[in-house]
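Just so it is clear, A, B, C, D and E label the chains in written order, and each chain counts residues from 1 on its own.
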Amino acid sequence: MADKTDTMLYLDGVSVSFDGFRALNGLSIIVYPAEMLAIIGPNGAGKTTMMDIITGKTRPDDGEVLFDGRTDLTQLDEAAIANLGIGRKFQKPTVFENQTVWDNLELALKKPRNVLATLFYAMDASDRARLDEILETVRLTARKNDLAADLSHGQKQWLEIGMLLAQDPKLLLVDEPVAGMTDSETVETAKLLKDIARTRSVVVVEHDMSFVRDLDTRVMCLAEGSVLAEGSLDQVSANPKVIESYLGR
Amino acid sequence: MRFRPLQLLMLALALACGLLATAPSRAQDGGADIGALVRAMGEASLRELQAIVSDLAATGDPSVTPSLEALAAGNLYVNDETGAVVIMQRNRMYDPVSEEEIAPVGDTDLSRIRVNNSLRRDIGTALGGLTLMSPNTATRMSAARSMLAARSPDNLPLLEEAIAEETDDAVRRMMNAARAVTILGMPDASLEEKRAAIPVVAQSAGREAATILNAALSTAPEELRPSIEASIAGIERDRAVWGAAQNVWFGISLGSVLLLAAIGLAITFGVMGVINMAHGEMVMLGAYTTFVVQEVIRQSAPGLFDYSLAIALPLAFLVTALVGICIERGVIRLLYGRPLETLLATWGISLILQQAVRSIFGPTNKMVSNPSWMSGAFELGGLTITWSRLWIVVFAIVVFVALLLVLKRTALGLQMRAVTQNRRMASAMGIRTPFVDAMTFGLGSGIAGLAGVALSQIDNVSPNLGQGYIIDSFMVVVFGGVGNLWGTLVGAMTLGIANKFLEPYAGAVLAKILILVLIILFIQRRPRGLFALKGRAVEQ
Amino acid sequence: MTALTIRAVDLHYGAAQALRNVTIECRPGRITAVLGRNGVGKSSTLRAITGINSVSAGDIVFDAEALKKSPPYKRARMGLGYVPQGREIFPLLTVKENLETGYAGLKRADRHIPETIFTLFPVLKSMLGRRGGDLSGGQQQQLAIGRALVTRPKVLVLDEPTEGIQPSIIKDIGRALQFLRDDMGMTILLVEQYLDFCREIADDIYVMDRGEIQHSGPASDLDLPEVRRHLMV
Amino acid sequence: MITQAILRALDKKAIWLVGILLVIAIAIPAGNLLIPPGQPFHVPAYIVTLFGKYLCYAILALALDLVWGYCGILSLGHGAFFALGGYAMGMYLMRQIGDRGVYANPTLPDFMVFLNWRELPWYWQGFDQFWFAMIMVVLVPGILAFVFGFLAFRSRVTGVYLSIMTQAMTFALLLAFFRNDMGFGGNNGLTDFKEILGFPIQAASTRSALFAATAVTLALSVIVCSMIVNSKLGKVMAAIRDAESRTRFLGYRVEYVKLFAFTVSAIMAGIAGALYVPQVGIINPGEFEPANSIEVVIWTAVGGRGTIVGPIIGAVLVNMGKSYFTGALPDLWLFALGGLFIFVTIFLPKGIVGTFAQWWRQARGPRRDNTTPRDTGASADRPLVAADPQPKPAE
Amino acid sequence: QDEGPIKVGILHSLSGTMAISETTLRDVMLMLIEQQNAKGGILGRQIEPVVVDTASDWPLAAELARRLIEVDEVDAVFGCWTSVCRKSVLPVFEELNSLLFYPVQYEGEESQRNVFYTGASPNQQAIPAVDYLMDEEGVERWVLAGTDYVYPQTTNLILEQYLLDAGIAQEDILINYTPFGHSDWQTIVSDIVAFGSEGKKTAVVSTINGDANVPFYRELANQGVAAEDIPVVAFSVGEEELSGFDTTPLVGHLAAWNYFMSVDTPENAEFIEAWQSFIGSTDRVTNDPMEAHYIGFNMWVAAVEAAGTTDPDAVIDAIVGVEVPNLTGGVATMLPNHHITKPVLIGEIQDDGQFFVVWETEDLVPGDAWSDFLPESAVLEADWTAPINCGNYNTQTQTCGGSTVTP
């Protein structure tokens, strides 16, 4: 495949199967620095599984997964991968339900993660300002002292996006960010992500076509564990195979 | 009270017979009056009894058999007033010599004539000679066995006579063994006879064969040595194989006990997620139910005793299931969604149940007996398999299969699993969650009760019964993988067999410690047990 | 005549009030949609209907019977089907077993899985033996809808059923809901953020904001500016 | 940085608690030694020993709460660390006996003499030195916890699997210490102590000093725990408790955090055991009994887990109850105790402290409760398929 | 001060693992106190029992002992079963100078001024039993099977030395230990059978503790180990343990004690009668530790009467030499070493769960605090009378070891 150097994320020939079911089948993807990639594809195509592999949750049976053109992610565990600068928003919102919105963000905030550093960590004014800013962005300022468990589904989605921002990663993996959001929120989210993608690499998975259109970026359609089509949204959505298996008539 | 009119006479007799005994006599009318001897037993001390027994044996008269058998079995009684000696069996009296039934004479006090070990041994030997020709196969068998143990050259003619008459194969084999063993030990037996005896001994003298052959080796003539040595080597080989087989069997049987103890927990803990510290007490309640059933049977229908377990099983299930349902409705119900609290509450329940049983039944052991089909053992090749263990293995498997079917094949089983995975959603699907919860806990408890019936057959029935099994049970369930019934089965068997293979080398204490350490290390390899569930489903 | 009426319902989470005086009427054989921004109380309303959350005031009347405090399983047995937000699949049960949980309230003769479910969601048929928790998000959503249909509900309540589902299947779901309404006479209550979808299939709409119903009317009202305002950030 | 962390630890509640403990540390011994018997404020020796014991249990419960209440690691084997600390202290006290043992053997403890031991085993060397013994009080439980934790947390053994493994650990130690061959006095354990640091162990003044030392140690433990849980590390621990794998995806090394908490907690438990032994006069393998460790869990739950005061109150109250009832109702006290556990679980789900705190907060107005975990199920329950994250609706 | 009742502490486990054995001892103490009160009490004062539950928790036992003495101000305590219980309360009795009567057979190697050992020491149980088997049954091979704790370990150590001295070869002695509450005896019983089938007459000496005995005997019965072939003599199995199962297959196995319920004496008949009517059941049995409490209590009563006070020092002085009848037709004397004289009885198990006495010592055997078969303790002697007044007096150096010096 193409040159690995200068890539932010490099997947080549990645396969994985579960009890004989091949969820990923020779998947190859490249994401460059400061680039956004939107991934679409039928339910069960392997999009979430791909993210699981990048973040160390699942080990591939086969294939190469490189970060920053050199770090082999298959050899690292979740924490190490996260510390390289890969952040993830899960498809099903997962936040720390028994902690406040503020604490959720504080935990995510980019700071040394080791035991002693966290034991003696004291938040300073700039950290506080950063969190306030994020709270504004995700519109949860009013609820910063509430437990995350008390948020509605959509609010949890926003909180998770906020946590992703607080982590300040080099590569963002965003799994279905606008599920359960209103149309106007969807538009906001697209803007936010585009903004981020100016300096970071972002991989977004979504089924909401209008959102993908708003992202206005390279689109890739996965199906049955490998790439079905790639290009601009118009190119991809004109592809009969994509229409057949994904968009429907 | 201590005055014994017959004492002098007996002493004289004893001396006389002691003399007689040195020259074996098979005279039918050997002087002493059997009736008088038997009657003398009524007042005799242990030492005197010993003399009387050898006198009776020396008569060679088969009519002494009933009284000697009764004496050994503890069925010989003396009438405190008249001094008459009688046999008592199932509340009926017989004359010890004529074996005729005697009408009970009013309600006079009978006291049992007591025997001790060495006396019983003497009686056994004496009866051996007398009963070798008995019409009863079992009697002949035990006679042959005691001949084998006695190894006395004096018995040889008797044995040969008996072998010639014997019709039963097994008994003949035993007699042949006894004969061969005797010959092998005789310095004056011919070489040919000895040579022929070696394989007979090797094959049928049981565990002692190697010892007997080893003993023979030291005195055997040069020509016989290779053949004896070969036989010994063969026996050792067999023993090693059977030794391993025996460990496997012991392991399986220990495994079944663990399985039984753990399987109810596999429901209440494995399926429902209740850290059920009262599980052991459910087992205990099952055992106490067995006790009560046996007690009632003993009082009112002794004839049904062999069915006591069959009656106890459903009752124990019902009783413990009911208690389980009460616990679920009363306490556990309020704790769904916070499984760890169940540890605290069920610990409290366990204290209360233990103390309640202690208050009702007392703190001491309760008597639970084995029905006849649960007692004793049989030989299978080189293995001694006890019936109680065999039935427990069978029972454990039956319970396991039944439970598996309930969980996997019935609507209730599906609902149980659904409810414990997501109670709210199950309810929204129309599943009556309170009912299913109660049934699930009841089922787990009921099965613990069934285990109690089985365990009452091999262990103490005391308020502490459950405490002895609770740690092992949790260990089995966790080792096998929580929520997986097959895991519980394989876990129990693995731990049982591993334990039994370690025990001969390390001793029981170290074996147990080693098993615990191995479990801890094993869990490092498989953090979710032997049969861990994998995949996304688990992580949610 | 209504199949399901929620009348003046209040609902509290501890001290916080999530629903205020909410009234919704679902007419038989129609699709009623509830719309609103995140956290306005849509899911809370549905959970009040299914009995998962208990209301602090007001009535819920189903099939002319007041539900009072009856537990969720009684409501389900009366014919209320529920597709929750977040799927709530039984993770360790297989797809088949997940579907079979719907048998609980059915007569023995009805205990089979309607073929329509597999025509609607063919992927389920090919994955009957897979554990529910192993499915992808969208597959789980399809399973959740299928599972509710197994109970043969009279009223079907769906909480954002299109979330995480690929466009072609969203279209199928829309068609299916219309089929259920038109051919089976089912009453459907739908919470949805996806306006185009609502516009296409809903008959009546309710718009919520901060725990209150702000607007109700026919689906065509969706394009009214005041409705739009409630849906904006 | 460190002072800042300590200052943060001393929030209002902690200051009060530490203050009360320090007052107790002075007042009770003074009441025992200075006020003559018969005077109204005289504290009988019996009470001093008894409360000394309770405070040791309180340290143990606090140690458990650090891992369980705050980090979601339900240890059913904390008694093992307590006992190991106790044994280390017991070995020192044994060596202090010197030739005053019944066989007057200057080096060998009595039980070794009559079981025909010829010389002191290597692992008994050095225990005649107080400083060495004190290092062992910290090191032995600490190293065991570190090794056990390192293996278990690295392999991601969690939830009940971990709990049952800790139980297996203490059970194995129980069996091992029962063996006379281990050289720790078999089931009789270590006893017949005479002196500690040259002071006669039964003297009232020694007792009072031990009591004061225990109270001060408890105060220090409160400060340490409070410092940990009020720091960001405390939030990470809570995050691990509630969603372990999510914490990993944020880049935290869950295994190290757990290992830190577990080891610190084991050391606290070991120190508690070391203070306990001279006060009760015996250490025997019974302390390794799994039931003892479960009781610690229960004290913590009764008092209120996930709070600092809770385990202390729980340990003292439950043990006071046990002391009282075993004498007052010898035949019925298990009913009372069992009933208490059930009552607390059902009616005081957050334990005594948690529930009162909630009432207090509610009485003062509807503010959010964010000190105690809402879902008491926490992450230790995660493998239990029953874990149902939402509060149960009324049915 | 001499007003009101005299208080007596009863310190037994009524819950936990030891409740099974100890509850009976609490009951028998209550009975004895009731009887004494019916006779007018002591020194004209009634006796009031103070019962506590040590819950099989030994630090708790120490705490409760302290409470009995300090708070309830009892004048004597009857209690404990296990050695570890005794060891844990011992410092308390020493510190507060009170009296403990300990009723259970134990490993010896102890004599404390405040404690009276009314159970057997090894020379009053184990050694006579081994003598019996050697002499009467001609046993040549020995299995010493015990629970892995101090009492069996010490007893077996003593027995092993004794057997070796008697000319038994080392390979004819098999020592085996099992954990507390061991319930799977298959391997061990089959090992015993194998060990016993090598031609020499074999016996098992069992120091298996309490709970583990029922499964052990059941396994023996099921594997068909008959007493005629391999007799088992036990030191911890009494009538109470046997009441848990059907003893028919075990007839002939032995136990060595200082008392059996079946002993036919008027005192015993009276005792049994009183016990069964006190407890309200004719099914309840009596056993050796109960007799020990009976003796201990009567000795204490006699000593208090003799001293004219319950003051511990006076009682300790008065009690040495006190003689009271035991239940087997003899007399128990309190020795200067605070142990007592006892007959040794060997009984065979009968099918009714009782023992049939097959042998007994001609004379009473004085309890030996320090075994003569352990090298270090052979030179020690306990004597709590003047001038020695020492629990561990070294007869060679003629000094009193340790700190247990004259007060």
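The working rule: contacts are C-beta pairs under 8 Å (C-beta built on N, C-alpha and C of every residue); 3 or more make two chains touch, one makes a residue touch a chain.
Since the structure is predicted, the reported quantities are computational estimates derived from the model, not experimental observations.
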{"item": "Excluding chain C, groups that stay connected where the other chains sit", "value": "one piece"}
{"item": "Of all other chains, the one whose Cα centre sits farthest from chain D", "value": "C"}
{"item": "Of B-C and D-E, whichever chain pair has more C-beta contact pairs", "value": "D-E"}
{"item": "Innermost chain by mean C-alpha position", "value": "D"}
{"item": "Centroid spacing, where centroids are CA-atom means, of chain C and chain D in whole angstrom", "value": "51"}
{"item": "Chain centre separation (chain A, chain E; CA means) in Å", "value": "74"}
{"item": "Averaged-CA centre spacing for the pair chain E and chain D, given as whole angstrom", "value": "36"}
{"item": "Chain A and chain C, separation of their C-alpha mean positions in angstrom", "value": "29"}
{"item": "Junction residues of chain D - those touching two or more other chains", "value": "175, 178-179, 245, 331, 334, 375, 385, 389, 393, 395"}
{"item": "Junction residues of chain E - those touching two or more other chains", "value": "14-15, 148, 177, 179"}
{"item": "For chain C, residues that touch 2 or more chains besides their own", "value": "16, 51-52, 71-72, 91-92, 134"}
{"item": "Chain B - residues contacting chain C, complex", "value": "411, 414-415, 417-418, 421-422, 424-434, 483, 533, 535-538, 540"}
{"item": "Chain B-touching residues of chain C, taken from the complex the two chains share", "value": "50-52, 71-73, 76-77, 82, 84, 88, 90-93, 97, 100-105, 131-134, 147, 151"}
{"item": "Partner chain D, residues of chain E touching it in the complex", "value": "14-15, 50-55, 57-60, 62-64, 66-67, 70-72, 82-84, 87-88, 90-92, 94-95, 109-110, 148-150, 153-154, 157, 177, 179-180, 371, 374-377, 380, 391-392, 394, 399, 401-404"}
{"item": "For the chain E and chain B complex, residues of the former touching the latter", "value": "14-17, 19-20, 23-24, 136-137, 148, 176-179, 181-184, 186-188, 190-191, 193-194, 197-199, 211, 214-215, 218-219, 221-224, 227-229, 231, 240-241, 243-246, 249, 251-252, 254, 348, 350-351, 356, 358"}
{"item": "Contacting residues of chain D [partner chain E, same complex]", "value": "44-46, 49-50, 53, 97, 99-105, 110-111, 113-116, 175, 178-180, 185-189, 191-194, 202, 276, 280-282, 284, 286, 322-323, 326-327, 330-331, 333-334"}
